[in-house]
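Here come two complexes built around chain A, the first alongside chain B, the second alongside chain C.
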Partner chain A sequence: MKDFRIEQETKGNIQIVRLTGSLDMYSFPRLETQLNTHLQQGHYAILLDCKDLDYIGSAGLGALIGFAKQAREKGGDVKLLNVPERIYKIIELLGFTKVLQVHTDESAALASFTAH
Partner chain B sequence: MSQPAHDAGHAADRKLSIHTPGHGSYLTYIRNFVGDLARQVGFPEEDIAKIEMSVDEACSNVVKHAYAPKKKWLWQHRHPEIRLDLQVQANQIIIEIHDHGQQFDFAAYRPDAIPERLKDMKTNGYGISIMREFMDEVTYSSSDATGNTLRLVKYLKKT
Partner chain C sequence: MELPKGISVCCLTGELHVRVCGRGTFQNGQPLRRFALEMIEKGATQCIVDLAGCEGMDSTFLGVLAGIGLRLNQNNGHNRMRVTNVSHRHLELLQTLGLDRLFSITPAGTTPAYVAPANANFQRLPDSDISQLNKPLNKNDTADLMLEAHDNLIEADSRNLAKFKDLTQYLRDRATKHDPSKTS
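And then the complex of A and B:
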């Protein structure tokens, strides 16, 4: 069981947020604070690296939709990268992958922000 | 590691209970406990993920809504607590989640289907729909004497 951790990296005008541990209703407010800060600072291109994520619940998924919606209104997006297979199967079954972009390659994910 | 046949049999017809404070910091512990048990019973990994998520959604609702401050709890004088009674039978796992917070009109709660909510980019209200999608039975009961109980059942499908 890994403690929930958030690490931050900037590449160009894209914010990469690397997540470790479980993203549930208890841990989510920490990510929410981070994402709110990015949007308030005008950073609308956000890539969440989920490689070391153990779990994500509906509170987190729902809120990510809200952040993606806000970012898209400003020409950006919130996208997911390296989602573990176990989590991907669940979010795909529920349909969340239809509204949240998921990437498997960091370079391609970064390029997708400027491809529009 | 695969389970020898006699160990798998040992996991059947088992009853376990856990009590935790009704606080979000225990959700990881609850998910792992339930997931480990489902794994011992022989559920495939995809079903274990579904069971874990359903239990997490149920317990998150208890913490966030049933035990919300200023709500009228069933047993107002007691600290918030979650009790899980787990029963393993030959072909199913039964998970009862008990709390004594505010009652909920579960039968009347029929949110839009998940695809509709996603189409509208709704940010919340997915939890109960997820439980109904992922579990084979989802029922709720409440009484002043016994508190609130959400009962989740998942069948173990033979392959």
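And then the complex of A and C:
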């Protein structure tokens, strides 16, 4: 199992957060802190790149809904990019794809923040 | 001896013994929930969960354990749920969710007071090894399990409400849309 890592990148006014490893109850507080910091700093457009994510737990998914809701209230959103098939199945199983946008292409994902 | 991955169980005169090997998640919480409730119905008064082989637990699985603990305490008094071989990492998680007050915890490296006899016949619950799941989970059953589990965590410690309110609200809305009779 890979260690959980968070890497940051900014493109325009969009924060790209690249995740590696397992996003579970043990590691989620680190992402939570990062997302809270972004929202407090007025960064409401956040793209989570999940390409190297091995696992996501139920609490993590639930919390992402809350962050997306907060970001949308300020005109932004929290969206997912490059979700591995195994994780996508979990997200889809519970209908989270209806409340969290999932993209497979980074350029399209970035463009979607300014499209609405 | 290496334990088989998944959840193995054994019921001995009122004691339900559970061994978690690998990950405990929303994908294998349901078989444990069903088995434990059936055993409680048949007279089990305490549950001993051995986490020696546990690699990690998600909040749904912990909520299933909390539900078993709440049910046992309701029937039989306090601390009927005993969790043994708890690593430092798992202990932090249990403390974060306030489950250290619901469960009686024996840290790893300490001899637990309740141990299954060496010849106890543990059986692995079907569909409990998440690396070998070969049939898709039922959407509504999984969502219902997840909702019930997180409600259990909130009942066990009201501080969990802030952590899980978005998830439980989403799952409750989803359940209501699917079955309008399920209103909160």
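Rule of thumb we're sticking to: the second predicted complex is superposed on the first by the 116 of 116 C-alpha atoms of A that agree within 3 Å, B and C clash if a C-alpha of one lies under 4 Å from a C-alpha of the other, contacts with A are read in each partner's own complex, and residues count from 1 in each chain.
Following the convention adopted for this analysis, a contact is a pair of C-beta atoms (placed from the backbone, for glycine too) under 8 Å apart; a residue touches a chain by one contact, two chains touch by 3 or more.
Predicted model only: the values in this text are computed from it and were never measured.
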| item | value |
| --- | --- |
| Contacts of A:A63 with chain B and chain C, given as first, second, both or neither | both |
| Chain B versus chain C as contact partner of A:R86, first or second or both or neither | first |
| Partner chain in contact with A:Y26 - chain B first, chain C second, else both or neither | both |
| Partner chain(s) touched by A:V99 [first = chain B, second = chain C, both, neither] | both |
| Partner chain in contact with A:N36 - chain B first, chain C second, else both or neither | neither |
| Partner contacting more residues of chain A (chain B vs chain C) | B |
| Shared contact residues on chain A - chain B and chain C | 1, 22, 24-26, 57-59, 61-63, 65-66, 69, 93-95, 99 |
| Sites on chain C touched by chain A in the complex | 25-26, 55-60, 62, 89, 92-93, 96, 136-137, 139, 142-143, 146, 150, 163-168, 170-171, 174 |
| Footprint of chain B on chain A - complex, ascending | 1, 22, 24-26, 55, 57-59, 61-63, 65-66, 68-69, 86-87, 89-90, 93-96, 98-99 |
| Chain B - residues contacting chain A, complex | 23-25, 27-29, 31-32, 45-46, 49-50, 52-53, 56-57, 60, 63-64, 114-115, 118, 121-127, 130, 133 |
| Residue ranges of chain A in contact with chain C within the complex | 1, 22, 24-26, 57-59, 61-63, 65-66, 69, 93-95, 99 |
